[in-house]
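In the part that follows, the structures are each spelled out as structure tokens.
Two complexes follow with chain A in common, the first pairing it with chain B and the second with chain C.
Moving on, here comes the complex of A and B:
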């Protein structure tokens, strides 16, 4: 059984202009000890679907329907109090912006010791010792000094390490990493990703890795879910997507074409996906990607495709999942 | 690191000594170079550095701390007596000259007539001088000694509360000072005696509260002056039989020629002073003296007996190793000249009038002793003089004769206490409601904001006046003080609430709040332990400024008479009297001093608040 199973999740936001369907029938699973990469453009519902798991939505957001099962336990029906126990303890989050996700007036020690004190009921002194261990675990040099410092005295990479230390403090089963490397420069990004990989091996934590960077997903993920307009358009093992796939969603295809590769001939222009993500209140009928899809037919504009399992382990939400056939027709 | 080296190392930033001290003691931060090139600076330390780099802020802190220190410690040294009412010291201007005998008289004193707040003296050449607070009204001033007195060959002088009497060798009586209360209206038999010279060989001249007395060698007593309160009369049976008299506040007693003491006034047995101790009725009394409400009689064997209303320690005479030869009464104390040339003083010591200096208590060379209300003058054998007692009030007195200095110091304590507690109450309410409204938003916010609008919309002064009038009338002054604190606190949290709410709106969107939530931290802890510290700097500024405002509001209420009632002093109700032109013009010290210190205090608090704001706002330091 999967550690985390999200089924037909619908998360909506009430706004002045109507209901925004930010997450629209999303399903994915996270296996124990594995990494699920969730890829998509901004506004595709990656973060919202992840935040729905912890029920950390803004006040106008709500889970309309669907089920989130963590270790066989339904999370959507838990009370506030029970959710407090899950958060930070069983499921933790690392945020994108290490700059702002640490409280500016707390020292590192106080930040990192908080989960120990809240979830494990440790005293301040005991927690402080554990903090040093945690900081060593995330490869922070001279933790005795860093522990007394304030976030603004740390570099971005160090801050993200502190964030990771904080998130992993209570040995969570799942770590939701919401674009943890986006705000970092490339060398630091590589270090952080390596650290996460190492920690996953050491501690066996499952990671849900949210990013818009296909390269990072390729490096990190075991499975990949590609999201578009609040839906999972393709779900497949990373190897399948980044290898030579037989089946693929046109969106995934477009994404892959839009990144430069070493084997791309120098005279070939990178292909961009035309158009923009539709406004969340004016989603098209039929396939959500149809207006931007170069393979779109009349059927696509009227009828909405289902996520179809085209081969074991791979699901594609398209009427024409076969890459070769599609290209021939187009 | 040696001191020399420290001086040689180039300083990154010049710091004042105070700022360095603050850094080292409060923040435990020393000017040490770390191996780490990036010196560790906490936000608090940066703020403190910025703050102490500002001269105006440091000035504000220093002056405010000085005022605070005076106000906190002062009351232990300048004790407040709420029941204080000293009729003779009303509206004394700031002065220190009540016992300051003019230089011209030094060593040449022939006679001194101590009054209430002044003194009149005659030197060996017969020239008359005055010193101290001599002004009675705008027009009348005892300093203006009439020419006839100055030119006359004076035999005796006496000074009362607001008038002075002089007698020349020809038996001519002269009165100056305030004469509006019959102080200069001689009785017909006096006029007769003065004209004829019969029974007019005056041996004692006395002046008291607007009354005067002259005693003839033959025992005839002449009394004149303001009869409205004073038992100014003599029973016929005693006339011609009097050896000495002594004035109390509203009565007098007499020593008769037969060595007995008698109450010779018209009241007779009706007066409390007529209960004279038996020892003084044995015909062996040699001297009498009186204070305001007590009398003392000295017998041949050197014993002193007291009677009357002995409330201020007038009878607590110390052990005396010599024989008393002369006893004199002040307003609440006695001083006595001993045979061995020493002086003892006892009784009430509010103004040090019963604390004779060692020079006269053991010097053994005192020749003459004069005692005024609160002043003592001892003339030594060598002609020099020693004084002790009340020399003046540095900040003057008010309409009850209370020392303004004492009242300003004690009033400051009340005002600051009320201001501080009101701010604390307002801040607690404001932070809780503002925090809840800002964090949760939505309905909670709407409800709390409507409540705050209602409270903020109440007209503050009228509402506080009504509250304190309705509830306050049933309360004693202390409870009323608490009421004012609570009323101020409850009515002034709106600003804090709005500030906190606005800050929370901004802060709750920050990722660290989401991160804290994701860590499973409960909402209450997030509001008060995670977000509040981020808002605290602004809160501190607003608290500082609110403190000044609360003090001002308390003063406004007290000034209007709806705050803390008199006699408890506050900086506000000290100014209460200053609502008519007479006080504003003539008794300027009653409002200038409280206003100046209060103004300084609030200005300094505002300077501190502004300094804090600038120190905490990174943008303003760039300016």
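Moving on, here comes the complex of A and C:
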């Protein structure tokens, strides 16, 4: 049994202009000790689907239907009180913006010690000691000094380490990392990613890694879910996607073509996916990707494909999943 | 923090002297002449030449012919006065009121007590209502209670304070007869000054003005508290706090409130001074013996030194206010505390 199993999740938002279907029938699983990478453009529903797990949606958002099973326990029907026990304890989150994700008026010690006090009932003094341990774990130099400091005295990389320390405080089973390295410099980014890999090995935490950066996914993930317009369009082991796949969704193909690789010949131009993500209130009828897809046929514009298992472990939401055949026809 | 406080104090002193000089120079432009005012009763008995000689001599004695800066320094008590000693504002001499024919200090003490009394009451009452109300509305944004309060508050801050006074007077005094119409104490009262009865009588008289002032400041302040609380609740670190598994109460009253407080503290100053400004109107409407009413009388009778003294009172109140705000800001916001 998977540690986390999301099935047919529909998360909608009530807005002035109508219901926005931000997450539309999404399914994925996170295995114990493994990393699931969720890739997609902004607005593809990757963050919303993750926030649905913890029920941390904005007030106008709601889970319309679907099931989220954590360790065999259904999360969508839990009460508020039961949800408090899960958040930060069993499942915790690292957010994208280390600059704004820490409370500016509280010290590092106060912020990192909160999970210990809330979930483990430690006293202030006991928690403060654990905070020092945590700061050491995330390789912060001079933890005794940093613990008394305020967020504005720390650099972006340090703040993200504090965030990670806070998230890992109660040894969660799952860590949701929502673009944890996007706002950082490339060198700091590499350090943070290495830190997360190391900590995963030490503590055996499962990671749900949300990003739009395929390079990062390739480095971090065991499995990959590619999202587009609130749907999972492809689900496969990272090895399959980043190897020489037989099957692939045209969107994944486009994403891979748009990043340079070491073995890309220098005379090959990088290809961008034409067009833009459709407006969430004006989604196309058939396949959501059809308007931007160079292989799209008449069928794609009327009929919506299902996520089909093309080979064990790989699912593709396309009528023409076979790369070679598609290229020949197109 | 010590350096920060010291810096603030130095600023305050500089600002005090700059403002006081500007005030002194401005009020000097008022075409009044204390020398002439003093000679006026004797004018009939004097021959014109004698009058002019005495007038000129008096002007010299009163130091009216000296340069503006020198007169200012004398008035402030930085240099020796006409009687050969330091005797100015800094020494506690606020000048002489031509209207009331007595030193300004004597004239001003009772109204000052009254005004401070009223304003502190109104401030405490208004903060006591607006802070919880604003926070509650922010947390229950868009619900029926919130919309009702929002509508009411627009009404509250768009009505001028004298209209509110008249409406309240009509209901509380004319219709229901709960409070007295005006004045600071019951006429011909027999109690000892300073006794418990005197205090009760005073509170009874200022109750309605305080209610009006509180009511008038509710609207704007509630909206301000509500909007800064909503802003704080929408930030990333609030999401982080929730993701940690903190109870909603802790998230709101500890994490969000501490941050919402920063802009609120700044606005409290402007609002507190606004109350003092508003009390000019209120004291006149309710005929209370306060600074605002005295100020009004002084302006109407061109009583230069009286008005200037009251003006300095307002200046000092606002300077102390801003010092307190700066200091509390330093306590609440670590970014201010550590950097400066």
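What we mean here is this: the second predicted complex is superposed on the first by the 330 of 330 C-alpha atoms of A that agree within 3 Å, B and C clash if a C-alpha of one lies under 4 Å from a C-alpha of the other, contacts with A are read in each partner's own complex, and residues count from 1 in each chain.
In this text, a contact is a pair of C-beta atoms (placed from the backbone, for glycine too) under 8 Å apart; a residue touches a chain by one contact, two chains touch by 3 or more.
Since the model is a prediction, treat every value here as computed from it, not as a measurement.
Peer 1: Looking at the overlay on chain A, is there a clash between chain B and chain C, or do the two fit?
Peer 2: These partners clash in the superposed model.
Peer 1: First (chain B), second (chain C), both or neither: which does A:77 touch?
Peer 2: Touch partners of A:77: none, neither chain B nor chain C.
Peer 1: Looking at the overlay, what does A:15 touch: chain B (first), chain C (second), both, or neither?
Peer 2: Neither partner.
Peer 1: Between chain B and chain C, whom does A:115 touch in the aligned arrangement: first, second, both, or neither?
Peer 2: After superposing on A, A:115 lies in contact with both chain B and chain C.
Peer 1: Among 98-106, 278-286 or 566-574, which stretch of chain B shows C-alpha clashes with chain C in the combined arrangement?
Peer 2: Residues of chain B that clash with chain C lie in 566-574.
Peer 1: Residue by residue on chain A, keep only those touching chain B in one complex and chain C in the other, then list them.
Peer 2: Common to the two interfaces on chain A: residues 54, 56, 59, 84-89, 92-93, 95, 97, 100-106, 114-115, 118-119, 150, 152-153, 163, 166-167.
Peer 1: Give every residue of chain A touching chain C within the complex, in rising order.
Peer 2: 54, 56, 59, 80, 84-89, 92-93, 95, 97, 100-107, 114-115, 118-119, 150, 152-153, 163, 166-167
Peer 1: Can you list the residues on chain C that touch chain A in the complex?
Peer 2: Touch list, chain C to chain A: 141, 235-237, 239-248, 255, 258-259, 262, 332-335, 338.
Peer 1: Okay, in this complex, where on chain B does chain A touch?
Peer 2: 36, 38, 40-43, 440-442, 510-512, 514-522, 525, 530, 533-534, 536
Peer 1: Given the complex with chain B, which residues does chain A contribute to the contact?
Peer 2: Listed in rising order, the residues are 54, 56, 59, 83-89, 92-93, 95-97, 100-106, 114-115, 118-119, 145, 148-150, 152-153, 163, 166-167.
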